[in-house]
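Report on one structure; see the data block that follows.
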Amino acid sequence: MTGHIDSIKTYVGVLLALLILTAVTTAVAYVDLGPFSVVVALTIAAIKMLLVALFFMHLRHSNQLTKLVVLGGLMWLGILLALTLSDFATRGWLGVPGK
Amino acid sequence: MITTAAPEREHYLNASYGIKSWLLTKDHKRIALLYLATITFFFFLGGAFATLIRIELLTPTGGIVSSETYNKLFTMHGVAMVFFFLIPAIPATLGNFFLPMMIGARDLAFPRLNLLSWYLLVIGGLFALFAMLAGGVDTGWTFYTPYSTTYSNSWVIATALGIFISGFSSILTGLNFIVTIHRMRAPGMTWFRLPLFVWAHYATSLIQVLGTPVIAVTILLLFCERVFHIGIFDPALGGDPVLFQHLFWFYSHPAVYIMVLPAMGVISELISVYSRKPLFGYKFIAFSSVAIAVLSFLVWGHHLFVSGQSLYAGLVFSFLSYFVAIPSAIKVFNWTATLYKGSISYDTPMLYAFGFIGLFTVGGLTGLFVAALGIDVHVTDTYFVIAHFHYIMVGGTIMAYLGGMHYYWPKMTGRMYPEGWAKLSAVVIFLGFNLTFFPQFILGYLGMPRRYHVYPEEFQVLHVLSTAGASVLAVGYLMPMIYFVWSLRYGQLAPANPWGATGLEWKTASPPPVHNFDEPPVMTHEAYDYSTVIQEEIEVG
Amino acid sequence: MADHVDTLELREQFDTAEQQKDASTLGMWIFLITEVMFFGGMFLAYTVYRRAYPDVFAIASSSLNAVIGAINTGVLLLSSFTMVMAVRAAQLGQRKTIILFLTLTLFFGGMFLGVKAYEWNEKFQEHHIPGQAAFHLEGVAPSEQGHAQLFFSLYFAMTGLHALHMVIGVGLLSFLMIQAAKGTYSATYFTPVDVAGLYWHFVDVIWIFLFPLLYLIDRHLGKPL
Amino acid sequence: MGSLPLFPEQASTIAPEVDHLLYFLLAVSVFFTLLIFGAIFYFAIRYRRRSEHELPPVVHGGLALEILWTVIPFGLTMVMFTWGAEVFFKESRPPDDAIQIYAVGKQWMWKLEHLEGQREINELHIPLGRAVRLTMTSEDAIHSFFVPAFRTKQDVVPGRYTTTWFQPTKPGKYHLFCAEYCGNRHSGMIGWVYVMEPQDYQTWLSGGAPEGTLAENGQKLFTQLACVNCHKADNQGRCPTLVGLFGNTVELTGGGKVKADEAYIRESILRPQAKIVKGYEPVMPTFQGLVTEDQVLQLVEYIKSIGPQPGTRAAPGVRTP
């Protein structure tokens, strides 16, 4: 981790990419993509997250354990969202109020 | 302060004196004793509330306290026991004290963070204590909305803030443990040479770190809704109270594993030492701890089967709930198999271990009842569920906690506890416990709802039995308080390894020096290799 | 017993500086995961209620100024850039450069909070503060005002907590500035700067998700900018 | 002490099915409890430590055993899951020909409204042999409609409808409990379900209880709407007491006085934020849309009845709150 020091050029490149993506996601929001607008917005946000995490937070040079910790955290957030939505998304399927 | 009759050998207790040496200590051993004092206070506070509840339930009309006071009693019993005793109990005392020693480290990775964790628990405890003294809170320890945000006019905010602050104590302890286990193991201490106590605390820390923040944000949203009327869960604004239950139980079910996993770690140690045998299926027990930590996050919906959750979500959660039962079964079978062909001694900690396995088995099996959708509809929110989780919390965690306290008392204080009295109190606790909670299974299936202080007359006999059991249990819990304090002054001097155990923590003096080891330890043998210990004992003669 | 020296570079409980650095970095990453779960609870509430009341959420989202939001996101990304430059300077032991970039990071962080305060004040003028009797969102039926309040409850909860984390970050960075000025950090010991950088970038990542989710819901419906 | 029942009555079609599943689970649990307790006692005695330095043979484990006590418990749990799910499906889907009854849970009473107009509080009369479907909601906190003899329970959530159903198989009187903690008199929110022979049910249905006087209805409404919660007689609640209010003048925050006449009381019920009594917080929720006009009249009548009476006690039959 301490050994590798990235060049300024890398950081500037990442910054520009992030700014461009911000502009893109704002612009895209004004285009009617129907249900896909959420998907696009979240994908762009995910890309920006990866850029910040890998380059600015030096995840690229980090050891396996740190990567596992990050992956685990995101997976747990996924568990919270997915299993709770398994309730809200399936309400009313039985056709009986409240079930 | 405690002085040993032997020539003055410096150890962590007499290394320094005075209030500052305790309140500003960075020594994980002293912080463990600070935690011990704090949680013992809350244990007896919660116990007092429980005694009042049991007395109130002696008669169907329950004339001793008003319904408002009764509601506050069971709420404060729940809050004090869950958040200020059970969750910190084993990790904060035995974990803090022995985890660094077991892996051969001088201290935890972040000693100051460890002291901060204790202060957070104390500050949180003071908030909750203030709420109790100022008038109490009557929402149940579950704080379900909209009652807790709109209809309760009791000290909800003060208690919620207390739990919010003490939650960070749990998060930071978990973080401290994970980093310590990963980064500070002595040379030779590979993962599979770690004592199973450490594996159990590793799994517990995973839950503490991944689960507790969700209850923190849930309490924050409850605070905003109650104080600023911004309604996240307010049905009048279109919010959904069931969402609160999802967020609450996402943490609170894994929290029950925060309470029981460390107990399993203690039991693994006790079973192995007192049958002088390595545990049967070491890897299976170790990985079942981690499996419990992971699976415990997938099952919380079994608390919501009748709460308005959709049927299909009920199916998903019931199915996953049966998965989390399997690792617990594996552990119980492996413990029992360890006894086979062992050399079993009946010291007090082993009695507690036997008690734990028996009662935890009953608790775990009744968990299969409440996980079955068909039966849970009838038994949820009744005394059946109360009996189920008390079998695991009291029959499991508290038995293991007492077992661990007796097992490690010589190492912590340099004094032996009185064996006779200790055995007696273990038996009294086992009998009192069963008399208190087994009748509640029957009461529950009969339909006695929980949190009732007035009940139909036909339930009275079972309630009287339960109250009788509670008084026996109370006596059982008071006895250790007495003889432990007594032993500090008059107890036999404890040798470095009174039980012939194999852990690194037994390879240093009792009580241990400030930096745990005189020379940095190296782990040379497999976990639980008793041949090395017997060799030493024979040489020492 | 070799008494253990207890210096900043090597605390008494550690054996090597490398071990101490790894421990601190791992500790901060685990703390950031607790923060992911902390904000996760609110993202869950957002997801549930946006699913339940998509139209009201779209109208409410359009009442926010997307351009200011985008600029503010840019400012925060810039502060992330200057932060990573400060960490790089710390790795190279350039004391002056650390102070320069920390100042820039604080400046951009302060700017972000300033814009945030302005946006909230604007919300206050437009009576979009949830929980107030005067709450009213145009273009939404009276019976739906409650749902609009849900959006703004989430808006203020999430941006409020994010701003609180920014303030904590500003506090951290100011402390680092003082230490850097005193020459505490060198090429061999710069862990606090690195760890504070991780925290700052995390707060930026949270905003990277908050911005599209709160500001950009179905903007194509042509509501006022 | 009274009787000591150890098992609840089976009074609905679903009850035996739940109990059969219970017997299966009990059998499995007793088996494993005896297995574990037996093994512990046997091993503890058979392999007790005989000498101080005894070193037992080292046994590290056996894969076969591990697989055995993973697969068997897993198989058993899957049976429990599927059987439990099947019973749950039956408990969740009411038959189409069921009698529809509405239930409203309120802080601390069950209001049951039959389609034929009968309104019952804490009591439910239903015919034997016919499925009954309850569509329920709550007016305040979460409650839970629980009839142990029918093995049915369903939370009652404010802002939403939830459903429970049962088909009684035995005439008689069965406990009704509120199973979700809902505040002060949660343990008082109980009642009875009367299962009657079909012809008795018909006669009961046509009889219909006469409505009480306006004040009595108002007083009942006063408790029902939980006004008693805040407007306590001894002035301890968060709101002003209404005893002796009617006809007097009231000081408002921000100066100004008003006579507490019918108009003032009606306005305070429907638009409580309009006039706030000095020294009190505007915490009262609006009842706009919650109470019908005639109910407002009942309330007004009731408040009149507890107003200042020259020398007489409160109107007969009306308990002060």
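A few comments on the model shown:
As written, the chain order gives the labels A, B, C and D, with residue 1 at the start of each chain.
In this section, contacts are C-beta pairs under 8 Å (C-beta built on N, C-alpha and C of every residue); 3 or more make two chains touch, one makes a residue touch a chain.
Computed from a prediction, not measured in an experiment: that's the story for all the values here.
The chains that touch chain A as well as chain D are B. For the pairs A-B and B-C, the larger set of C-beta contacts lies at B-C. Centroids of chain B and chain C (each the mean of its C-alpha atoms) stand 35 Å apart. Centre-to-centre separation of chain A and chain C, using mean CA positions: 15 Å. With centres set at the average Cα position, the gap from chain C to chain D is 44 Å. Touching two or more other chains at once are residues 182, 210, 214, 236, 238-240, 242-243, 246, 250, 308, 311 of chain B.
Across the assembly, chain D contributes residues 92, 154, 157, 160, 162 that each touch 2 or more other chains.
Looking at chain C, one finds that residues 22, 26, 30, 33, 37, 40-41, 44, 48, 52 touch two or more other chains.
Chain pairs that touch, as defined above: A-B, A-C, A-D, B-C, B-D. Within the complex formed with chain B, the chain A residues making contact are 65, 72-73, 76, 79-80, 83-84, 86-88, 90-94, 96, 98-99. Taken in their complex, chain B has these residues touching chain A: 182, 210, 214, 242-243, 246, 250, 297-298, 300-301, 304, 308-313, 316-317. Residues 21-22, 25-26, 29-30, 32-33, 36-37, 40-41, 43-44, 47-48, 51-52, 66-67, 69-70, 73-74, 77-78, 80-81, 83-85, 88, 91-92, 194, 197-198, 201-202, 204-205, 208-209, 211-213, 216, 218-220 of chain C are the ones touching chain A in the complex. Across the complex, chain B meets chain D through its residues 67-68, 70-71, 138-140, 142, 144, 146-147, 150-153, 235-236, 238-242, 275-278, 280-284, 305-308, 311, 314-315, 318-319, 322, 325-326, 329-330, 332-334, 336-337, 339-346, 354, 357-358, 361-362, 365-366, 368-369, 371-378, 380-382, 442, 445-447, 449-458, 460-462, 464, 530-531, 534, 537-538. If you check the complex, the residues on chain C that touch chain B are 1, 4, 11-15, 19, 22-23, 26-27, 30-31, 33-35, 37-42, 44-45, 48-49, 52-53, 130-131, 146-147, 149-150, 152-154, 156-157, 161.
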